[in-house]
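Scrolling down, you'll hit the structures one after another.
After this come two complexes, each holding chain A, first together with chain B and then together with chain C.
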Partner chain A sequence: MRWLLSFLLLGLLSVVHAVSSSGNKLLVVLEELADKAKYSKYLADLESRGFKTTIESPKAEKIALFELGERAYDHLLLLPAKSKGLGPNLTPKLLLDFINAGGNILLTLDSTHPTPSALVSLLLELDIHLPTDRNALVVDHFNFDTLSAAEKHDVVLVPRPDALRPDVKNFFKGDGKGGEVIAFPRGVGQTLGNTSPLLTPILRAPRTAYSYNPKDDVDGVEDPFAVGTQLSLITTMQARNSARFTVIGAAEMLEDAWFDAKVKRSVGMGGVGSDAKQVKTSNQAFVKEVTGWTFNEIGVLKVGKIEHYLNEVGVKSNVTNPKIYRVKNDVTYNIELSEWSWDHWEAFTPPTGDVVQLEFSMLSPFHRLPLKVASTTKTSTTYTTSFKLPDQHGIFNFKVNYKRPFFSNVEEKNTVTVRHFAHDEWPRSWVISGAWPWIAGIGVTVTGWVAFVALWLWSKPVPLKLTTSGRKIQ
Partner chain B sequence: MAPKRNAREPTPSSTATAQSSSPASVPSVSSKASHKSSSNQSPQQIALGIWQNYLDMTPQRTKLIDVFMAFLVVVGGLQFVYCVIAGNYPFNAFLSGFSATVGQFVLTASLRIQTNAENKADFGEVSPERAFADYVFGSLILHFFCVNFIN
Partner chain C sequence: MRFLRSLIPSLLLLGAGVAEAASSWNFDEAIISVTGKGNTAGAFKDKLSDHAPLAKPVTLGSADSLKIILTATENGKAKRPHQAFLLLRDQDTGLEATFPFSVKDTGKGKVDFSQKDLPAQLLISSQPLRATLLLASFGSSQAFSNHVFNLDVKPDPNAPLPKYEKPLRYGKLEDIHHIFRADPKSGPKIVSMFFVLAVLATVPVLLGVWAYLGANLDHLSKAVGAAPISHSLFFSSILAMEGIFYLYYYNWTLFEMLPAAGVVGLVGFLSGSKALSEVQSRRLAGER
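Presenting the complex of A and B:
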């Protein structure tokens, strides 16, 4: 009986353990508590992954992101609200403060409820732009669901997203087999500013989609807000402190109704999908990945041990991380990196085509070197590189600056002093063959001088008088 | 080298003699010689005369100094030519080798000035022995510095 109990406890512990790498306190902001039933599966998913959820209405008095100046929650989920504002406890400034304090925010939009202006201004601050019509939604006449939106074409079916670039890891590809369909019902498309390097779209609209306001009673859409892949359906922003902010354009994606809905795609451009069958949406799995990424369950990097040491002629020095080196020293640098994947740390490997680099810099890098894998354990990879320090003395940094989309930022700086040669560390003159002629020059001069002095001392001074007299005789 | 020294040699001695301090008989001899050479002789004969004059008039120790200085000029010239041709890679080595020779030349030149009997008026209080001791001391310091600097 007792061992059964302990097993149960152990199991409970492992459930609690299976959680985000940055805490499990989650605040869900939901206006009507009755709506909770609509998201029951999604919330149950979160709880099964170990999140301690607190559900509050934005109108509640006690809702507060900060308590005594500290973050009260690790993560924040904002579900759409009917009311126009979010109240005094969720102002854009507070939300930005929450991000600056390292909290993650998952924001959902919905075209049926106009987005509160507080959120619009928050998004503007992050360079994410929403359509000016508050009721605009994304429609696509080639990729809609024929079962639920045969008439309005506002349930857009999108395949799993491809990797952003070939050298960026794709966290949202599911099992990677393809053929999966994500339903994006009545969502708000966003456009992204060009200037922010922190913004990354997860899911873009298909080529034939556009943003449109159903309240406009015109036959043709003139001058739409944005079309095609300009529209981002799910957008992320990872701040410099690695806090994550995700906007999901369609809150309905999270609803139970769309988790197990069957959809059948329309006939697309060039007759694609004319033989489409009814399929179950993969919203549940996809939303789990998006949420997991936002709440630091995947794509989080951790730096373990950093080591640098003298490695002259292949002999490793016993002193690690010395404060001072000499110019032209041979040095080895090691860094240990781990990646959090749902519930455990695992060895980090950069995606193919990408490398972790080390910079040896004073103001600007003197060296930028690829780090190679030295050893791998179950939970970490050690990267290493060896190089000769530049012929320049000063204060230098060993710097690893690894910032990639969807990975948390790694910026590690270790400062060392690089001194010049001490006077007795230079090679002796006779070691340098080029100096031999001048060594000989000194030698000949000194020998000649010694001979001269010897001759001088040996020779008897002849008085000048004698010379003049001799000359006189001559 | 030799003609240059010859060319330089007689002039100071003649001026020095003109200034006095040496017996009055000397200027008469030199003026006689110059008169002889200026009359009708080829340049070769003039040079030879000057050379002969130098050999006759210069004390033996001064000649020794002149030989040593000529030797230093040759050594320094060789080092400089080598530097121009082969480059100055260990620059400190070039500096120290070349400056050892040049410095030695300068010190020897001052020894020559101080021990020359015809400069007695200027260096009355410096005896040749004292000048030589100074010279040895200065040279040793110079050698010490050069050997240190070449490392």
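Presenting the complex of A and C:
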């Protein structure tokens, strides 16, 4: 019996292991099913993290991203295909519909397989530009692997990427200790349009790298497609509905051969590193992080409870989330945020230098205030702020609009009415010093009236005797 | 002898190592010149060194164009490298622009550019741009990279600076705090107090004048003796009415006050008619 129990426990444990927060149905599009062996470690990693993978060729008839109007899969992995297109079931329009329906796509490119023009135009629509030459690849004469690419220099070695900006969390730094190397073999570099805030590069090419076409630019490159850090090797696009689209320029970096390859760096800029030692690539761990981000295993935020209530004179009101407030009320707002990290929800803290902000706005924000941590539990953090409502009546919104690179979008809006002061909520007249003479006047009038009534009822008339000059004689 | 023989393999290795290190890219004769339109007298010309940058920064004015001519060499022999780039880096932001050389098969390469070829961000840099020369190619020769000079870009002081509009990027926005309208203010309290005292001072003046003119309460005992209930009720209802007005001012609502005022008014009316008929009786008796 005990073996049955332990079996059950093992089964349960494997279910509880790392899983995506948005579903685990993954479609892998692979043209030559024989290539499955090349990516066996990567696919096994995906299976062990709980993904239910379906591997299909793009030409298969039963491949369908949508079924009866709903997404049939949660994630899509596109590996390079030799043919000119991806078939009628994976047109760019269907891929865009898939993203708009909330599905995540991981697209891999390869310089040895020319990218289908349909995909090139799809990427152009997202403002990701590919070289016009179909065989272009990224080389770097200062950062290549001397063991496998001593002559051709087409295996570019890059370190783990730094944080994009000081206030952006770096999900791809491994254990952060440095000294790691990622191999990017024979990949396609992309350039990103400058205007879109939805595009973020994960991995940029080193300063000395460039993209060239081995067929045309044999002797020298005079007009390269792009050079240096303008080349993005791994690009991400997070749509406004938080669906993720990642382009990995080198599909070969997902292969078993590169997951634990031994590489040796070449001599870098300025002659550094001439005594480099053999190291193992960190491709497996890095690809796990890139895939994990794309398939919603990391970097996903969730909003729990939102509460706002009146908090005048330090007295917390019992009514939570009333629909109506008054001008200049003191109000407290609480929001609960969690972050999904591989297989569990945990408390969310924005990176240092970044802050979650609350906007209290009608057409434009009247207040934009930083939210402070009120309390933390194992699965969430509650952020709070207290403020005075503006002295403007109208329909206002409590808006938390937290959009950051690599985090899913948090947009929460609660609408409340802010009414005027009621007739009996104004300061009373005895508080207004300018009214005192008038109040005194009323009191004087009342006193005079009562005295008059008393005298009129009960005063005995006294005849008034006056002298010739008008003075009274007692 | 055996010792010498054992030395030979290590000598060979050493020789091989030296031969390996000797193969590297470099350049001969790199001449940098800055020429302006119609300003040949003030032209700048210098030779670049392969181991040290130029001591003084090279100035590039708005009408000038900078040209570098060099001959790339691999292992001492003139050869065309695959990559011959001039990198210009903004020291403030780290942004780098690249100008590729156009190199002939003989290894002679030339690059030239002027201010209009530079991106806007580099034109408005506050420090000189750091220029690095890269010469590299496929194969095992070590590539060349060196900081060769600094470029000081002097934009035209008369022309407006190129506007660089920062594109939208998601991040923290500025705090906004609503500025409230000032509360309505009363005048100085001392002025209010003065007028309060002036108003209050009228009461003793009034009572004093009445007393001077002979006001008294002599008929109170007579009136109370003749019609005690009416007079007391009437006067109490006068006082009660004032009390109701005070409560209405303080915190009563209209519909709390109206019933009370109705009752008190009725009492006042009924008792008042009796009280006033008593006053009439005194008047008819000639006492008023």
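The rule is short, and it goes like this: the second predicted complex is superposed on the first by the 418 of 474 C-alpha atoms of A that agree within 3 Å, B and C clash if a C-alpha of one lies under 4 Å from a C-alpha of the other, contacts with A are read in each partner's own complex, and residues count from 1 in each chain.
Definition applied: contacts are C-beta pairs under 8 Å (C-beta built on N, C-alpha and C of every residue); 3 or more make two chains touch, one makes a residue touch a chain.
Keep in mind the model is a prediction, meaning the values are calculated, not measured.
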According to the stated criteria, A:44 is in contact with first (chain B), second (chain C), both, or neither; which is it?
neither
On the A-aligned overlay, A:458 touches which partner chain: chain B = first, chain C = second, or both, or neither?
second
Please determine whether it is chain B or chain C that touches the greater number of chain A residues.
C
Looking at the overlay, what does A:444 touch: chain B (first), chain C (second), both, or neither?
both
Touched partner set for A:210, first chain B, second chain C, both or neither:
second
For A:222, using the defined touch cut-off, is the partner it touches chain B, chain C, both, or neither? Pick first, second, both or neither.
second
With the two complexes superposed on chain A, say which partner A:365 touches: chain B (first), chain C (second), both, or neither.
second
In the overlay, answer first, second, both or neither for which of chain B and chain C A:432 touches.
both
Both partners, chain B and chain C, contact chain A at residues 432, 434-435, 437, 440-441, 444, 446, 448-449, 453, 455, 459, 461-462, 464, 472
Flag every residue of chain A that touches chain B in the complex, lowest number first.
426, 428-429, 432, 434-435, 437-442, 444-446, 448-449, 452-453, 455-456, 459, 461-462, 464, 467-468, 471-472, 474
Can you check the complex and tell me which residues of chain A touch chain C?
139, 141-142, 150-153, 165, 167-168, 194-195, 197, 207-208, 210, 212, 217, 219-224, 227-229, 267, 269-271, 328, 353-355, 357, 359, 365-370, 388, 390-391, 403-405, 432-437, 440-441, 443-444, 446-451, 453-455, 457-462, 464, 472
Contact residues on chain C for chain A in the complex?
80-85, 87, 96, 98, 100-103, 105, 132, 134, 136-140, 142-143, 145-146, 167-178, 180-181, 186-187, 189, 192-193, 195-196, 198-200, 202-203, 206-207, 210, 212-220, 223, 231, 234-235, 238-239, 242, 245, 275, 279, 287-288
Any idea which chain B residues touch chain A in the complex?
22-23, 25-26, 29, 56-57, 59-61, 64-65, 68, 71-72, 75-76, 78-79, 82, 86-87, 89-90, 92-94, 96-98, 100-101, 104, 108, 117, 128, 132, 136, 139, 143, 146-147, 150-151
